[in-house]
Every structure is written in C-alpha cells, then in structure tokens.
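Below are two complexes that have chain A in common, paired first with chain B and then with chain C.
Showing the complex of A and B:
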C-alpha cells in the first residue's frame, strides 16, 4: 500500500502522518490578496477535498503549493521540507504532481507525447514504459487514442489525459484542480472512480472541486474555502450533513 | 534502420557534393550576380533556420536577429582579416580556407552565443513579450554603437578606440582596409547550410524539440510536469544566436560578396526579413525555414529584375513620376499580405516536406491493449513480482532491439531514426 517505485523515493512520512502542511499561507496577485490566511494539512494516504465558490482561492492554493505563484506570507512544507524558494520542477521531482484547471494538455502533441512529457523527471525508459502501461490500464480509452493529437479528444478524455500525464511522474501526491469541469456526467463518474483507484494505491490526493457533492463523496476530509480563508473543515461525512454546507453548496 | 555504412556513405556523398559545387559552381551559374545571390540565399537560410529555433520551435518572439548576425559578421571579418594577414595576405586559395573558415565559424558562433546568453537570460526569465522588446533594443544598440563609434569626441579609452577601428558607418574592411578576405566559397556555404539543416532537423525531432513544443503550447502545464522553462528558453535562444552568428560570419567572408561589413547591413529591415522567412515558410518547420530563406532572397531579386523589363521601362517613360523603387516594396508587401491571407500558418505550417506528420514516436511499443481498469495496487503488486523476470524478458526481446530502442529514445536519436520509424513501427510490446 505505498508507492513503491524504483526511481523516486517514497515520502519518508509515515502513512497517516501529515505529508503536506500549509500554514497561514497568503498569496497576492499584484495588490490583490487572493489568499488571506490558509492553513491545511493533508496526511499521507488521504483524499482531501477543498471546496468553495468561484474565486475563493482554491486554484491559487494549488498553484502556490506547486510554486507557480509566489508566497506572500506563511509556510508550505511537503514531506517535512519547506517549499519556500523551491522551483516548480523541483517540487515535481520531490513527488508532487498537478492536474491543472481546464486540463491544460498539449493539444498539438499526441496522447503518447503528452504522457511521455509527464515522465519528464524519469530517465529510465523501462520505468516510463511500465508507468505508461499502468496509466493505460487506468484509462483504457487513452490506450485506444495513443497516436491522436490531444486536441482531438473529448473533454472527458482530455481530463483523463491530464490525470494520466500527472501520474506519469509517479507522484506520491497528486493535486487535482476541478477534474469535473465541463465534462459529461457519465465520464465524471469514471474519472472519480479512477481517482479513487489511484488513491487506493497509496497516492495522497488534494482535490479542488466545485461539485461539492462529488468532492464530499470521494474525500475523507474537506476544507471549505471562502474569500481566501478556511471557513470550515472536518470529515467529509460531517460536512455533507452540515446544515450550512447543505444550504450553501449542496442546494438544500 | 540506417546502418553505420549507410550513414557514412550519405555523409561522403554530401561532402562530395559540396566539394563538387566548390569547383563547378562558376560553370553551373556563370553570372556572378546570380552566383552571389545563390550564396546569399544559403546564408539567409542559415539565419532563418537559427531564428526558427527560438521563434518557431520555442515560440518566443525575437525581433533582433540582425544584432546577432552583425556580431557574427564583425567577429568573422576581424578574425578572417587578421588570420589572412598572418598567413601572408594575397589570394584566398581554397586550401587556406580550411585554416581560416573553421576559426571564423567557431568564433562568430561563440561570440554571438555569449551575447545571446547575456541578452536572453534576464528577458526569458519572465513570461510574455519581453524578449521582443529586449532583442529589438539590443540589435539597434549594436548597430548604433558600431555606426557612431568614430564620431564625436569619443576616440579616448581603449574600448572606444577598438570600436572606432571598426570603421563606423563606412564599415570594416579588414585590418589593412583592403577588404575582408572572401574565403567562404560554395564549399563552406553549402556545407554550412547542410549541417545547419541537419542539426535543426535533429533538434526538432528530439526529446528536446518535443519539450519546446510543449513549452510553446502551455508554459504552466510544462512547468507542472517538471520542465524548467527558463532553461529551455535560454538554451534555445543561445543556440539561435550562435546560428545567427555563424550566418553573419559566413556573410562577411562571402565570395563574390561585399568585402566590407557595414552596420547598415544589420538594421531592423534585416531582422524583419529573417522573421518573414520563418513565418512565410511556416513557423517551427525546418524545411519551411529553408524554403522561406530561398524564396524571400529570390523574390526580392525577381522584383528588382522586373524593373528592367521593357514594358516597365516604357511605363516609366510615360509616367516619369513613377518611383520604381517604392513600387518594389509595394509588390513585395502585397505578396506577403496575399500569402498570409491564403496560408496564415505559412507555406508549410509546422509540417515538414519529407514527412506527413511532424512528430516522432519515441518508444518502441505497439498500440497499447485496452485493459479493464484495475487497482493500481494490484498492478503494483504484479510489477514488484515481475521485477527480475522483466529484466530477463527484455534481454530475450533483444533481437527486436527493444533494449537498445529504449536506451536511445530519450536523449539523442540517431540520424534518420525519425523517418525510419515512421515507415516501420518497431516491434510489438515486449510480451
């Protein structure tokens, strides 16, 4: 039940201990504070959801964890090490992969090329090949479309490709940004089932999702983000039964 | 798969071809003006190929290519001039070009690359169009510094004197002012074009080229998979500058060419021409850059030739106020506008002439078999069992070259591999 992999060391963090810790994080775009004060932790092996309305700062949090945005204040640590001053490529090398919002696959590259780019940090061809086979087992549709250009896939397939690309790095932790956005409902279920399988294999997951019902169904714990601050947190079951949450995010 | 013998034979054939050109060029094209144009077209092709790396492949917009051409030209001219003098001056025999030209090419490329690094590092760290502004400024500063070095009160100080010795607006004509020795005959020019095309081709279809394409499409997504965008952009820019420097060095020593190097040769119009070549041929396409370089060079010349036509001269006689020179630019611009309307992605788009799709299949695996989704945990358990067995398997499949295939796939692809794989999808999956 852990990500045994020959080329990347699994996190030294024990199962159930905090793998990612975000402490009083603040982020600003120009003069505007997108995140005021966000603290959260994701324990090794968990699926944690971050829910909240548009503009609450969910994507910003993920991008900042990936070090794609500068930290204004606060601290992020992964696997016991501070991520301040760490470049994005180094974050990836340490075992964190992001599935960006809106999928952001390479539309002019083939499915195979997209996936191979995901294995950027791995030099061993056999490892890459095996990972590729694993990803295809997870998303058989991708296997049928290896030679197609990414742009020719349907929205759901593109999302599968984006997740597959992130998995190619063999991450110990996967950050998912709105995987259900603009995807046919039937495929959404497929994608979440796949995410659950990935989690079952020991990959820790931080999930950002506007579809609160889905997010709470698949996660173990959740944080509610409101205008750049954590408004509420708790186990997903608790939150799903919370009156306030039901009224605000689950439509009554 | 091209064997070593085939590769050596191809190389020998190419060498024989360029040596043949060196000695038969005057018979093939008897008119010196056309000869000069043909060589110039080849130099332009190298400039276009190098600009294509940063503008086409990496998707960063550099509009100061002339600056690097100029740096290469001045470096080449100084090196060639001084070497020529050390070797005793006089004629420029073919044998001696083997001493002079390698040094010219190396130094021109290297100096331009250094400037490329200095210009590129700060501007490419930022996302957006900073590179365009910085390169434009850089090229103009270069041209103006050289052009005005000998004017005003500024002949004090070592740097200023050195710059002033480059002749200012009059141009640099070798250390003794008798002209830059013209060692770059057809052998060097066509040889350089061949090598430059091969290098550009290999770059495009390597893992490096694929990373650049990804970077061009989505910088954030590329960073998210672990690519260091700055490193890739700066490397491309330095390579591009080095290529421009080599083109400049060749231009300075061009046989039948202009024996002086002047700052006005490297004005914005030159940068613009290089951009036209790349965009006309198809941004990102290697064969497109070659095509664009040749077409632009000859189109300009063709329009000039039009001025000599009897009918045009007759028209000029009727309307004396007709400015043929201005008309030339109007025709040139109209051709470009027309082409951009008909083919907005350039003549070739990103495609290449010799292949249908601009991509390379990197791994040797066949089409993946759809398998019902299983837990990764199961899969992982299987793999750990397979651990050792897999190694033996790969050895067994060695006959199909699976092992060697894997080893070479990521980094350097051997020459011709890309094309080879297109027609012959290699061996199935290992099992």
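Showing the complex of A and C:
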C-alpha cells in the first residue's frame, strides 16, 4: 500500500528491529491453559509465519496480542510499549490490525460499509477515500461489489474484504489468521500475492496458517507452535527443508 | 363504520407510542442480546419526571412551554438513568463473564432485579398514588401530536442508524461485536449511546402516553412495557423497523378490541397475536433467521 498521506505516525521502531515482542506468554480459557509459554518476535518489515496443528494455540496468540483475551502470564510489547492493560481499540489505534479467523465480516452491511468501518479511526474523508482506492487496486473484485451485502460474497471474496477492511485502518502491522481457510485454491494464490504486495509496501506481517507450504513460501521466518508452546523456529527456508517439519506438516 | 375508523386512528396513535418504547428493547437486544427489563421502569420514571417538569413549567398556563420543556426534561433524565442502569448493572457483568456459558442468563436476572428496584424506588419517592397529567391540549389534538411526533422520531432514528457513523457502529456491533472492536470501535461508548437513545425515546413515549389521559404510578411501566416488549418480539427483536410495525399492530389490535364486548381481553389478544406471529415466523415479522440487525 502506498502511504502518501499517512495519518498515523509510523512506528518508531527502525526497520529490522523488533516491532512486536511476545515474551513467555501464557493464556487460559477459564481453567484450561491454551498457551503455556510462547515467545516470539516480529521485526519491522518482516513477514513471519506461525504454523501448527488444530488447537495448537495460534488463534489464541493473535487474539491475545489484540488484547481480546486476558494475559495469564508473560508480556507483549508493540513498538517498544507494553500492551498489558491496553484495550483492543487502542491496540488498533496504535497500528496493529487483525484479520480474524473465519473472516468475521459484517454480513448485513455492504462491502463499502464494511470497508468504511475498517477506517473507524480515520475521520478524514480524503484519507478514507484514498485508502479505499488502494484496497480496490489490490482487490479489484471488491470494487465491482461495493453495494453488495458482505454476506452475499463468496468465501474468497469475503477473505479479500476482511483483509481490505483491516488495511483500511492503515496498519503498520497486520496479523492474519488462516487467510486460506475454506477458500478455492485459485483465490488463495490471489490472496497471498496481495499479502506479499502489502508487505512489500512496508507493512509488517504475522501470518498464521495451517497451509504450511504456503506459509513457508511467503514468509522469511517462521515459528512452529505445538500445544501452546513454540516447538521450533527459524528461517522459512530452513524449516521447509527440515525433516521433522516435512513429515509432520508438509505430508512427507 | 365511523367507530372503526376512529378506533383505527386512536390505535395508530397508541401503537406509534408503544413503538417508541419497543425501540429501546429492540436496540439494546440488537447490540447486547440482552432483554433490558428495566426499560419499562425507565419509561415510568420518565413519566414522573415529565409530570413534575410540566407542572413546574406552568402546566395548563403555558401549554406549549410546559409540554415541550417537560418532554425534554423527561428525556434528559431518562437518558441519564438508562446509562446509569447499564453502567451499574450490566457493564460489570459483561467484563467478567467473557467466554463463560451463563453470560446471557446472569444479566437477564440482573435486569429483572433492576426493574423491581426502580419500581420500589418510585414507590418510596413518589408513593403509589395515581397521578394525572394536566390536559395541555384537547384530546383529538393530543392524538395527532402523538402520531406526528412518533413518525418523525422513527424516521429520524432510521436515518441515524443507516447513515451516521454511530449508527453503522451499532449495526456492526449487533452483527459481530468482536469484529467491531477490531475496527477500533469503542464498544462501551456505543453501548452507552444505545441506552441513552432508547431511554430518551421511552421517556418521549411516556410523556405522550400520559398526555393521552393515562395516569402515572410506580408500576405504570409494567403493562405498557409488556406490550412494547411484545411489539419488539412480533416485529423481530433486534430490528428497528420491525419494532415500529409491531407497535402499530398492537395499538390497532388493542383499540379494535375495545369496540367489542371483550375489551378486558386486550392483553390476551395481544399475546395471541404474538403467538400467532411466532408460530408462522419464529423470528418475528422482519427478523432474519441466523442474522441479527439492530
């Protein structure tokens, strides 16, 4: 995304320095521990992938970063500032946006209204309009469907809408939770290409995926999450060639 | 024939007023999935404050000033009361019960408790005496004023919800509250505004209701609140247009019943209508299955 008219100050973190740091994070649902001890970092400008089986705790990690879930132990910091006690809305205002698992678009609102809500923190009409044009350039299919209700879009289009909606906030950091989930393969490629473009324009990305092949292809580094703990981490190339990973996540 | 026509007109006036109250139930439900039983007491309190303000402003001596001023006072007071109820009784539960299974039942019980509390408070403060509003306008005019005001307010509300940022945020929250927060929407503020709006409409309805020769007393909210709630459910709870429709339907049914020898059965018929509608359309007239609108 071009940011010709940035309305939010870019992160003070220098390119290549840690933008998001998660340190020994533990999270529980009621009495059940979903995350035991998760540490990871995403440096400014990187695409980092987080892979892992069903129930490993990937969604829990992202939701906790967005402060939708309480932290049981550990620390999360973004752009040098602790996120403990920060409300979700404030995390968004600081420049982090999440594209939630299952897309969570507003089904009875039009595509345009969905996108406009994404720009909630920007009340300047011109900025909103420009960002909207950027999003439509990225996903031309959305442009053709502006007046349609979100719920009438196909799964892939809904995913595009969910990503576009998150981009409307002009985030410095984008979290994506399984963007390939339940989407036709042809559209999955489009979506990942779009994500790569977003990254190329300077947005830092943390990508959660069950499609390990894709995740490792598009990321520079990756973490493997297993039952609430980081089991492995390294450069995506290394991990793609790792025997254990190939056996467990890449089908041999 | 003339009788039926005049009953229809009265019914529509009555119904539009019921609709004003039904809107509060439906808006709060749309956003919080909570039936705010205290809403009928906000209505009742609004009626009391309206009476005091109208009297203080000169009553029949200055009908226009007293009518308009009294209504505004009642609305302001009810708006504050609505938010206080939300902040004291519902908001704390929302924060705590996140993700637990009884999150819908607990606030419901709290809502019932709040309703009883306010009734008793009114009893204590104002005594159980029935009080009548001064006759500010001849009764035929009152009904016209009720109808016109209600229609204008509903059009205004429809525009507010469809066109403004706040309205869009309300609809977004009703569809997916978590996603709305992820957009940066401060949901607690939107919830507060929803309570303010609904409560102010209830107070407006209350003043109009009492100007139309109905007395006010501490349990005055019960009967009318029940009818308004039924109206909201008939229309499809969570749906604003539905609440308006439901209100009109109930008003007309009520007035037409009065023409028959069975006028005492008004509420029986109202509930019969509710059951009939729900049997045919379980989500109410305009409610969509699966999705919920404000």
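We take it that the second predicted complex is superposed on the first by the 246 of 252 C-alpha atoms of A that agree within 3 Å, B and C clash if a C-alpha of one lies under 4 Å from a C-alpha of the other, contacts with A are read in each partner's own complex, and residues count from 1 in each chain.
Convention: contacts are C-beta pairs under 8 Å (C-beta built on N, C-alpha and C of every residue); 3 or more make two chains touch, one makes a residue touch a chain.
Please read these numbers as outputs of a predicted model, since none were measured by experiment.
K.L.:
Quick one: on chain A, after the overlay, do chain B and chain C clash, or do they fit? Just give me the call.
P.N.:
Aligned on chain A, chain B and chain C clash with each other.
K.L.:
Thinking of the overlay built on chain A, is A:89 touched by chain B (first), by chain C (second), by both, or by neither?
P.N.:
Touch status of A:89: both partners.
K.L.:
Touching A:171, do we find chain B (first), chain C (second), both, or neither?
P.N.:
Neither partner.
K.L.:
Of the partners chain B and chain C, which touch A:105 in the superposed model: first, second, both, neither?
P.N.:
A:105 sits against chain B and chain C alike.
K.L.:
Figure out whether A:144 sits in contact with chain B (first) or chain C (second), or with both, or with neither.
P.N.:
Once the two structures are laid over each other on A, A:144 reaches chain B alone.
K.L.:
Mind working out whether A:57 is in touch with chain B, chain C, both or neither, as first, second, both or neither?
P.N.:
neither
K.L.:
Pick one for A:74: touches chain B only (first), chain C only (second), both, or neither.
P.N.:
neither
K.L.:
In the superposed arrangement, does A:29 touch chain B (first), chain C (second), both or neither?
P.N.:
After superposition on chain A, A:29 lies in contact with chain C alone.
K.L.:
I'd like to know which partner A:11 touches here: chain B for first, chain C for second, both or neither.
P.N.:
Touch partners of A:11: none, neither chain B nor chain C.
K.L.:
With the two complexes superposed on chain A, say which partner A:45 touches: chain B (first), chain C (second), both, or neither.
P.N.:
neither
K.L.:
For chain A, which side has the bigger count of touched residues, chain B or chain C?
P.N.:
Ranking chain B and chain C by residues of chain A touched puts B first.
K.L.:
Superposing the two structures on chain A, identify the stretch of chain B from 2-10, 272-280 or 362-370 that clashes with chain C.
P.N.:
For chain B, the clashing option is 272-280.
K.L.:
Jot down the residues of chain A that show up as touching in both complexes, chain B in one and chain C in the other.
P.N.:
66, 68, 87-89, 92-93, 97-98, 100, 104-109, 113, 116-118, 120-121, 165-166, 169.
K.L.:
Where on chain B does chain A make contact in their complex?
P.N.:
Touch list, chain B to chain A: 210-211, 213-214, 217-218, 220-228, 350, 359, 361-363, 365, 367-377, 379-380, 383-384, 390, 394, 405-407, 409-410, 430.
K.L.:
Quick check: in the complex, which residue numbers of chain C touch chain A?
P.N.:
Those residues of chain C that touch chain A are 99-100, 165, 168-169, 171-172, 175-176, 178-187, 288, 291, 293.
K.L.:
What residues on chain A touch chain C, complex-wise?
P.N.:
The contact residues of chain A facing chain C are 29-30, 66, 68, 87-89, 92-93, 97-98, 100, 104-109, 113, 116-118, 120-121, 151, 165-166, 169.
K.L.:
Residue numbers of chain A touching chain B in their complex, please.
P.N.:
Residues of chain A touching chain B: 1, 3-4, 66, 68, 87-89, 92-93, 97-98, 100, 104-110, 112-113, 116-118, 120-121, 123, 125-126, 128-130, 132-134, 136-144, 146-147, 165-166, 168-169, 193-194, 197-198, 200-203.
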